[in-house]
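My questions will all concern the structure given below.
Just so it is clear, A, B, C and D label the chains in written order, and each chain counts residues from 1 on its own.
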Amino acid sequence: MFQIRIHGRGGQGVVTAAEMLSIAAFLEGKDAQAFPSFGSERMGAPVVAFCRISEKEIRSREPILNPDAIIVQDKTVIEPARAFDGIVDNGFVLINSPVDVETDLKNARVKCIGATEIALEQVGRPIPNAVLLGSFAALTGIIKIDSVIKAINTKFSGKIAEKNVKAAQVAYEKTLGER
Amino acid sequence: MSSLTMGNRFGQHVSVQSSSNRPNTLTSGHRACQGCGEGLAARCAIDAAYTAAKGKIAVVNATGCLEVVSCAFPDNSWNVPWIHSLFGNTAAVASGVAAAFKNKGQTDVRVIAQGGDGGTTDIGMGCLSGMFDRNDDVLYICYDNQAYMNTGVQRSSATPALARTATTMPNSQYSGSDPETGKNVPDIAMAHGIPYVAVASVGNLHDLERKVAKAINIRGAKYIQIHCPCPLGWGFPTAETIRIARLALKSGMYPLFEAENGVLVGSTPIEDQIPVEEYLRIQKRFAHLFGKNAVPENVGILQKIANKNIEKYRLGGISNE
Amino acid sequence: MLYQLEGSQAVARAIALCRPEVVCAYPITPQTHIVEGVGELVRSGQLKNCQYLNVESEMAAISVAIGSEAAGVRSYTATSSQGLLYMMEAVYNASGLELPIVMTLGNRAIGSPLNIWNDHADAMSARDAGWLMLFAENNQEAADLHIQAFKIAETLRLPVMVCMDGFILTHAYEKVDLPDQNEVDEFLPPYKPAFSLDPKHPCAIGAMVSPGDFMEVRYMAHRRQLEACSVIEKIGTEFNAKFKRNMGGLLRTYQIENAETVVVAMGSVLGTIKDTVDELNHMSGDDKFGVLSLVSYRPFPDKVICEALKNAKRVIVVEKALALGRGGILAHEVELALKGLDIEIITVVAGLGGRVITKAMLAEVFKQPKGNLIFLGLNEDVIRREYKTVLDERGA
Amino acid sequence: MSKPFASVVEARTSLANKTGSWRTVRPEYVHRLPPCNVTCPAGENIQQWLSLAQEGKFFEAWQEMVKNNPFPATMGRVCYHTCEKACNRGQYDGSVNINLIERSIGDMAIAKGWGFGKSDSHNDKKVLIVGSGPSGLTAAYFLRQFGYSVDLFESHKYLGGMMRYGVPKYRLPRKVLDAEIKRIQNCGVNMVCNKKVNNLKDELSNYDAIYLAIGASISSSVDLDVESGANIWSAVDLFQRIEDNPDNLPNLGKTVVVYGGGNTAIDAARTALRLGAKEVRIVYRRTINNMPAHETEIQDALAEGIEILCLRTIASVGQNKVILNKMNYDEESGILSKSGETEMIVADSVVLAVGQSVEDSIVRGIEGIVVTEKGVIEVDQCMMTGLKGVFAGGDAIPGKRTVTNAIGYGKKAAKCIDAFLQGREYIPNSKNEVANFKKLNTEYYQKDVRKEVSRLGNLDFNEKDVSYSDKELIHESMRCFSCGNCFHCDNCYSYCPDNAIIKHEDGTLEINYDYCKGCGICASECPCGAIKMIS
């Protein structure tokens, strides 16, 4: 079982990111479960979403306390949301930031990428989720970029889908290159 | 015989009620009080609807006098498909019935919701407004006897100013129902802009039949409110029901009018307006307006209301304020 | 066919497969996504021949369903929490009129204090309303239960409430296997009402009934509830045979053959419980723990429960509701079912108002429960502090 | 498939619940007597024939009229229609123009030649009627209907009595009168004119019964000194002269004075105008309000330019002049006294219309028959004189002297004679309670004013044609309230909250006491007072 926790703010597509991740895994024949940190959060408030990926049936529904990977869509929530809590040893941390972010994380595989910038440039809107999923595929190898692309296409359609797919691919390539 | 009667051998003013083969949708054996205006109004209205819709109607009935007297196991007085659900949800149930018939492609089956003033203007107001809002294909008929009669004559928002009810008992401080209170549901219905709104009375059955027959074949939401004197609740002899209703009309206390799409399109003029006193005096619910310790201004308050009606609904009576 | 869907979407599609003719929607969190989903399927033409009404309240939603069902068409609505309480008068009315309405309840706590998160207080408030109440363990079951619910309802002429945990299921993305339309059509024939508003055969529905007959009316309703057990089982079996999925029925057991302790629960917490039990059994190397998933809360299948638990030494009931001043609700019913058997029954009140339930917390109480009424994860410090001030004010 | 127990119920099962048991008072359909009928001296069932006229069934309406009065066309002209005064509609928007409707239908009957047909029933009894005035002819008509053979003797040249010798042509054209008399003749009455009965006793041996309808045909005398050469007429003589020698009409001169205040005086005055007089004055001793003449007659007279000199008596009549005493009259006491003042007016002639009295030679000296000091024949309540088998009626007995009353007497006499000859006691049929205005609910009657027609024509002996058209006839008949008798307005049926009134296919109504709760709405919403609540 591989568990991912995504942090961000309302309106940044945090929940959608988790859902797309689960779809991608599903498309690879895996069992996947995605759910938000339920609430009536409004635009801008810190939000968390979860995704579990597994080869066998996922039954447990507790929130993810010890994630294998953390995606931070907005670095300003790291402090208040205590975003890195419970990360497993050698876990992945993917942060949306054009510049490296200082963390006190020991043995964790931290990666920063200017997802918002890529999104603005590719999609024209500052929604970094698809970009980060592309990057996540490259960083972790847990899911294939093709699956991410298919997932984006099931969630979105037309121009938006196209652009997000492009953005995801760009991020994927970029991340691979920098590995 | 040139007359305004319900029928006669010369076939003038032919009415559903006077025809020997009238449907009697509300049949004998019901338990309404002697001289019940609501029972009469219900039979006339539903008979008229039944005739105009060629027998294809379904009726939803709110809790209240009419429901209790017309359908208590094992005695059902109805001769039409009829359902009683609750006190406050009648309009919504009717919306559901209409939706079902629409989906079955049976829009020729016309749906009627009916209830007393309490079930309509008070507890049923939310569902009624929703039905108006969606413009559901339902004719809602409110039998207005101006109080909660089924529970023993308590005040409703349709209770007229200064009327005595069990919850607005006159005493040294108070004189019946507070004149500052009450709501005008026909106006509220008009404000929804629904296709048809009308006010009728058992004091004018020709008009009542015409309005129901007209409404029943209009698509969308319709509202008809019928003035139904209640011998028990208002305190008058059982034989006087129609006369009282007629006096309400002649005095301007109950204006008859029609509105289409929120606009007043017609009203029944008053030929010679009578002072409201003639209407009030014969009802015990207004007795305190005339007793020895009566406040003289009070009758004037009601006269003003009547005159305002005449002006507002263009009943053309001579204001004798 | 398999899909990765939000629970609400899965249910919306399952509903559409049942071809309801009238659906009425009124928004309340967390049920909202379901009626949104059905609405979208109607507007996009995927659900044909269906009237979709946006109503002005839950009272109207259930009332519209009463009207359309009485007029002889399959009808559906959904609600949660306060919404259920707001429509409660009509909830009783629907069962009294024997109208087989199906309603989804996206389980949510009841305020005050206002709380939009999951527990079962809403469902428990309707337990004597004369509806059948089925609880879904996961989204697959939520979808499957709705397909069974219409058949059960129409067979018994009783309304059915399908309960699924708010957010935890309604908002969770999972794999769901949805049958094809033709399969569902084979399983669920078109609705043929026993009575309806029909100008050709007028009858009155909803007569007043006097003391002389009311007892009989109520007794017959009671009998139908009891009969419902066998109908639910039968239709569950039918469903499993056709769709090759063991969903529905009255209850399911897990690892209880040799279990000394059996955990009884309803709804989505069962998944976490099963994982917990597996881990406990794994650690101890034996199989002292088992699970009983209760699907049918109404009717309450006493006999079947008793049969399943008779060999247990201890039964732990994990429930997301609390009878104030009384304790467990489900637990008390289980207790009645096990009357006369020498079985210890422990009530674990958990997850009220969406309070997180973790395997760790469960494992702890399962291993050594302290007392027989346990409030899972209760913050004792807060209680002590708050309660002390109360006592001080009383000068006690 | 079974339905839910108790909460779902089949239609109309409440019919098993007989709510009639709630009733403490019960409605009943009643027949009340309409005021018009009550007051008609001829006892016509006016409401009945109006209701037939409403439906345009004029023949049936006429048949209904002649059940009580064989002279509709005549009555429609000369009757003083007390019915219209009593008509409840008078208190609403003007009484129904009953008189003109009767006249119009009466004329229709003559024009269409409607007849009574010979009475089929026959018996061996014979009745003699003396006098062919309205009461004599009416008695003859009914007695024929009853099957008697009837001889009718008339001392005058022509038939009709006062209808001919008392009512001028311009009010009653002779062709109308003749037609209605002929109709009676046609049903087998043997009528003989210029035949005076000299010996009543002898006749009594030839007949089983005799009806004296001898009228009051001689003018009462009044004492005033008359200069020789003064031109004085009695109204009776004047009318008889006009009737008997129409080719040689009398000349009354330019100025005429008529003495008297009754209808005859009015007729005489108006006749004088038609004979060429330019100034006609009526001299009457009391005030105009005290004049016995019918007010419409007075109005017509004034309208024709006749002057009425009240509070005057004639002192003396000279050639071309009359001396009048001015009188004082005290309304309260009714005492009349000479003021002492006199006045002279010019008059080429004077017509006396101061009343008529019975020519009683026929009964004089016959024992049993009493003639009162007022000069009228005494009869019992069965109209029989003191002499068994001899009956009397019309102007010859005490009572109102109008044509309509005479017809009433004639009808009653016929019935009494019939009863007498059949050895039965005559029992007048009992009367229902009267449907007065209070018993009506006029809310249901549309306001609709009476169609008034002036009968004033030219100053000649021709009558003005004022008859209604069929349409007008129906319209005016429709104004009838149908007081006290159901006209099938269906209010009771329509307003009953309990459907406790059954309307049969033919429109007839019946109260279903199984369900009637006795609320009384039917009675209070009945426009015509034909439902009564009985406890």
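Going forward, contacts are C-beta pairs under 8 Å (C-beta built on N, C-alpha and C of every residue); 3 or more make two chains touch, one makes a residue touch a chain.
Here the structure is a predicted model, which means the values were calculated and not measured.
> Which chain lies at the heart of the structure, taking centres as C-alpha averages?
B
> B-C versus C-D: which has more C-beta pairs touching?
Pair with more contacting C-beta pairs, C-D versus B-C: B-C.
> Taking the mean of the C-alpha atoms as each chain's centre, how many Å separate chain C from chain D?
That gives a centre separation of 93 Å.
> Could you work out how far the Cα centre of chain B sits from that of chain C, in whole Å?
About 44 Å, centre to centre.
> Determine the centre-to-centre distance between chain B and chain D, using the mean Cα coordinates as centres, and give it in whole Å.
Measuring from centre to centre gives 52 Å for this pair.
> Which integer distance in Å separates the CA centroid of chain A from that of chain D?
Their C-alpha centroids are separated by 115 Å.
> When you check chain C against every other chain, which residues touch at least two of them?
Touching at least two other chains: 97, 202-207, 209, 213.
> Mark out which residues of chain B touch at least two other chains, giving numbers and ranges.
Expected reply: 71, 73, 76, 78-80.
> Can you tell me, using the touch rule above, whether these chains form a line, ring, star, complete graph or other shape?
other
> What residues on chain D touch chain C, complex-wise?
So the residues of chain D in touch with chain C come to 1-11.
> For chain B, which residues count as touching chain C in their complex?
Against chain C, chain B makes touches at 55-58, 60, 67-68, 71-73, 76, 78-86, 88-89, 92-104, 109, 126-127, 129-130, 133-134.
> For the complex, which residues does chain B have touching chain D?
Residues 1-10, 15, 17-18, 20, 24, 26-32, 34-37, 39-40, 43-44, 70-71, 73-80, 205, 231, 237-243, 246.
> Write out the stretch or stretches of chain C touching chain B in their complex.
21-22, 24, 49-51, 53-57, 59-60, 63-73, 75, 89-90, 93, 97, 196-199, 201-210, 213
> Please name which positions on chain D make contact with chain B in the complex.
It comes out as residues 6-7, 9-19, 22, 51, 54-55, 443-446, 448, 475, 478-480, 482, 487-491, 493-500, 503-505, 507, 512, 514-515, 517-521, 523-525, 527, 533.
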